Amino acid sequence: QESKVPEVRVGILEYGTVAWELATVKDYELDAAHDIALEIVPFAGEDATAIALKTGAVDVIVSDWLWVSRMRSEGEDFVLTPYSTSAAALMVPQDSPLEDIEDLTGQRLGVAGGPLDKSWLLLQGLASERFDRDLAEANEISYGAPPLLSEMLKADRLDAVLTFWHYAARLEAEGFRELIGTQDVAYALGAKGNVSMLGYVFRRDWARDNPEAIQGFIAATTAAKQLLASDDDEWRRLQETGVIRDEGETLLALRDSYRDGIPRRGGAQDRQDAALLYEILAQIGGEDLVGGARVFDPETYWGLAGAR
Amino acid sequence: MQVRAEPLARLGWFVASFSALVLVWAIVSTLVDQRYLPSPGAVLTVMLAETADGDLPFHLSMTLMRVAFAFVLAMAIGGAIGMALGARARLDRFFLPWLIVALNLPALVVIVLSYIWFGLTEAAAIGAVAVNKIPMVAATLREGTRALDPLYSEMAKVFRFSWVARLRHVVLPQLQPYYAAAARSGIALIWKIVLVVELLGRSNGIGFQVHLYFQMFDVAGILAYALAFVLVMLAIDGLLLQPFERHARRWRTVNA
Amino acid sequence: MLKVEINSQALGHGEKKVDVLARVTFRVDTGRLICLTGPSGCGKTTLLRLVLGLETLDDGSIVVPSGRVAAVFQEPRLLPWRSVEDNIRLALGSNKERVDIGSLIDRVGLAGKGRNFPGELSLGQARRAALARAFAVAPDLLLLDEPFASLDQETAMRLRETLMSVWSRRPTTTLMVTHDLVEAAQLADEVIVLGGRPATIVARRVLAWDRRQRDAAYTAEVAAQLAEVMRAALPGL
Amino acid sequence: MQVRAEPLARLGWFVASFSALVLVWAIVSTLVDQRYLPSPGAVLTVMLAETADGDLPFHLSMTLMRVAFAFVLAMAIGGAIGMALGARARLDRFFLPWLIVALNLPALVVIVLSYIWFGLTEAAAIGAVAVNKIPMVAATLREGTRALDPLYSEMAKVFRFSWVARLRHVVLPQLQPYYAAAARSGIALIWKIVLVVELLGRSNGIGFQVHLYFQMFDVAGILAYALAFVLVMLAIDGLLLQPFERHARRWRTVNA
Amino acid sequence: MLKVEINSQALGHGEKKVDVLARVTFRVDTGRLICLTGPSGCGKTTLLRLVLGLETLDDGSIVVPSGRVAAVFQEPRLLPWRSVEDNIRLALGSNKERVDIGSLIDRVGLAGKGRNFPGELSLGQARRAALARAFAVAPDLLLLDEPFASLDQETAMRLRETLMSVWSRRPTTTLMVTHDLVEAAQLADEVIVLGGRPATIVARRVLAWDRRQRDAAYTAEVAAQLAEVMRAALPGL
């Protein structure tokens, strides 16, 4: 037999956005091309992937830097490398009178991910900085599961929904419009560019012990990203192989959003902006959100100077 | 004198039992990673802090309110359905498959549909929980009703008991253990579902908080909130359920 | 008046189905007392259950007098979770005031046991409580299934007297099952002997004497005659 | 002849009942938005498609496997605990608070801790489900055991029944309705928890699939998978539970 | 040999606590049969329960012969969910082979009812099944609580004979409660009359005659004497 290549087990949401990228890796055997063996372990919920990483059932998952930083403050040596700058968007119906976040008072506002969701906290931070308004107080907030919130918005039981980007993309395809996206908020708060909200997360020990594995994995996924970014046919393939179940407008919207979210900056700049945002988040979210760590842990980003 | 001593003795037993439980927990928590099972002290600290800032009492009271409403609804409706099915063989034959379907409908489906149809409202939440529990109460009371002793129903028929008297003096005393079982495991189940309901679409309550802490893997926070509810349940059990049961069971202890 | 016209009655299902009663026809005129006797397992209780409407009659017709009904079952059938007093009170339904439950309890020899649960009584005491319950109703139709079994002679005698005094106060149509032929000779206006498989009436004896004038000699003689009739009618058990 | 006709009559009742249920569903589904409650036909289509490509049988069998293991575990252990508590007043006094705590521990906490301690394994998943259900079985059987008639235990004592004979011929027949209640609502509860367990840490099973469809808000998909399980439960109930119950209840129907 | 030495026994709790038995002392030599009688509710069943170990004795001591025990309770106490046959078989424990259950069932007049559930029997039939169960055990100590109540005379007589034949086959120490004084006079080696509140032994009568030679006149006379003793000892009930 041929020499054994290192195995990388990635826990993902089946039909989630990461699945598109990894399916592409698999379809083109990009993993073998970069001397790794990729194993996709599907789960049904975000929480499940987090547990899977914690218990060592997988090597890599996708999560945000806020979570990684919080876990680090509790002694877990997790690190991340950028995966996507997409995060969330505040969606309203096409004919909604809402034009700006300044209009957000007295609205029925749905928020995906709960009160400690990063996008929601940033939005609150922006509102309080700009208009000295507490969004949580000024509106009627419903926290809930994203699919449920989408349906609520469609059923006119909510006026606006702050939801994760792929749900937002689907809503957009159905004629809803984006009031503001997380990146816009980040810019407004002083970020210098598109911040990678999501990253591939893994244990630093694992990465140190398996340098070929993590490097091969990053290279393979980067190659997949390029394919998806440049060639529209790739998306038809994903749809035909059943990785994406959406069709028509929705597929296009998802495609565009995905492409928008591909990180284009170096990790160092990302880290700077993340540190900035973290401070804001720590202020609003308080200890509930960030735990004991008041300042951003620079080691959160893997592979940068100072992280060795 | 001896009668007076009873409640004290019961309290003593409870304290002993509870202390032993906390002790076991304390010992186990020193054996495993504190992050995954914090010590009783650590959890108590969180509990006190959350109580001091008013969060815990608020979320606890919201959850208790939902549990209470759903419980009353489920026991009343489920009990009535169960007793009807247990008493009438024809009804039972026809509706037993419905009961089984209802029993096995996933909570998720019921909760989501109820939110969608009735909005993210309190009524939808409580209704969804009750709908989840009703078939379980019905299944238990159905068995209880089928196990009723015909000796007594016949007597009641001969002496022409009114239906109220039949229910109160003939049927319910025999169903007491079934109601007790349905109540104890009922509150527990309801609260488990309330957690899911709060998770999917409420903005307060213990389930909401537990999920928040869960996202952060803060086990101490999860346990603090969960245990607050458990403590309330212990109090309700000791101060309401058990005295009622002792009353209802007086006749049984006569030769024990 | 109670009219019983049974043509046949079976019990049980499948293999275990048994024809219990064949043709059994009799009436009990209003205010009269008929004793029913016959070997164990011949169908006496089944007959009472048919009259009480607890069993549906296969073939025949039973006409029950209107008004209140009371029964003493073969087992006490008190609600174990209710006190003796409550058991009696519950049987009264709405006409609670009229009856002095306390004195009734005294009369059946249960003074001081009113608040006991049935489980705190001896079996004989429980039977007496069941009797008190039936008396309390002041029924128009009274059905008694061996009401004085497992009582000592003294107690049984006093209860028979109590029965007679309650019974004579208002016209009560009574059907009573007993194995005690002396008892039957003392109390009955007519004795009906069931027997055979399925059971029919194998003998009946009308007792014309006024029951207050029946003396020990008379009852002993009638009892002996009845025993003779039974032995003759039912050779091998 | 009549004995032969029985099963046929039962089948007839079942078909009638089930058709009526589907009819009600069909009617309701025309009254509301199809997206929120698809018609029976639409769900059947999904079900057939998923069956044809093998997905549904696979996920269904995984879930059934978990439900079966957890069920057996929970009934055996919970039954033993409940009977012990019900039979011994001292044990009961001491451990009742433990039971209440166990009853009210949130499923989420148990599931997460069990995954963290024992890894994302099948055993951890099944164990977590069983742990959630055990206290409920215990609570029900505890009531049943407390309601046992001492008449029969005394008889067994006098005639020196072996403990096996006591259990089999004296105790269990009296507990049958409690076991039946615990079994029916037990499977239902277990499957509800299996859904959560699969959501939190398995890569297959109906809970996994249902949640995926929930992400896409595909109610037809959710219902197709949920109903596949419900159908299996109906079959198990009709072919296993009910015949067993009829056997165990023969003596009751003698005068009915 | 069974040795009963009761100094006092109370039942019930709190307000309802009753002193049931005062000093009651007697022995039953191996292979003898003693009848216990007394007014309803005086404590006979309680005494049997003490001997059976179903009640803990407040003050006194009871020595029970070693070997197997069987009892006929005042109610049949058959397991309703087991057939008559199974009820008997279960009481046998391990020595199943030795006993022919079928013929025993026939002898108590239940031929053909072996596969019936107790709920499919008449009360008298259920009592007979309970008797058959006790006989099947071939016990060293046999306790009978009014075993022939609610049976017709004929059946009762035949069962008494069955009891005697089973009993005489091996030395069975027997304590039997009965209200039927004639029955006591027929069967007992000694009759003990309980009475009073709390109950003590108010009279005892040793019957020296061989039981096979006792004729109707003898038993009637003894029964009458016993009744007289009881009446004298227990004035107002």
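Lettered A, B, C, D and E in written order, each chain numbered from 1.
The rule is simple: contacts are C-beta pairs under 8 Å (C-beta built on N, C-alpha and C of every residue); 3 or more make two chains touch, one makes a residue touch a chain.
Every value quoted in this text rests on a predicted model; they were computed, and no experiment measured them.
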If a chain touches subunit A and subunit B alike, it appears here
D
Highest-count interface - the chain pair sharing the most C-beta contacts
B-D
Based only on mean CA positions, could you tell me how far subunit C sits from subunit D in angstrom?
49
So, in whole Å, the Cα centroid of subunit B is separated from that of subunit D by 18
Where in subunit E do residues touch two or more of the other chains?
11-12, 75, 120
Note: subunit A residues in touch with at least two other chains are 47, 54, 145, 148, 151
Contacts with two or more other chains, residues of subunit D listed in rising order:
36, 112, 116, 210-211, 214, 252, 254-255
Listed in rising order, subunit D residues that touch subunit A in their complex are 36, 112, 115-116, 119-120, 198-203, 207-212, 214-217
Can you list the subunit B residues touching subunit D in their complex?
10, 13-14, 16-18, 20-21, 32, 36-37, 93-98, 100-101, 103-109, 112-113, 116-117, 132, 135-136, 139-140, 142-144, 146-147, 150, 177-178, 180-181, 184-185, 187-189, 191-192, 195-196, 207, 210-211, 214, 219, 222-223, 226, 229-230, 233-234, 237, 249, 252, 255-256
Applying the document's contact rule, which stretches of subunit A touch subunit B when the two form their complex?
47, 50, 54, 67, 70-71, 74-75, 114-116, 141-145, 148, 151-152, 155, 157-158, 288-289, 291
Touching residues (chain side subunit E, partner subunit C) in the complex
11-12, 15-16, 37-41, 45, 74-75, 109, 115-116, 120-125, 128, 146, 149-155, 158, 179, 181, 227, 230-231, 234, 237
How about subunit D: which of its residues touch subunit E in the complex?
151-152, 154-155, 157-162, 165, 169-170, 173, 248, 250-252, 254-255
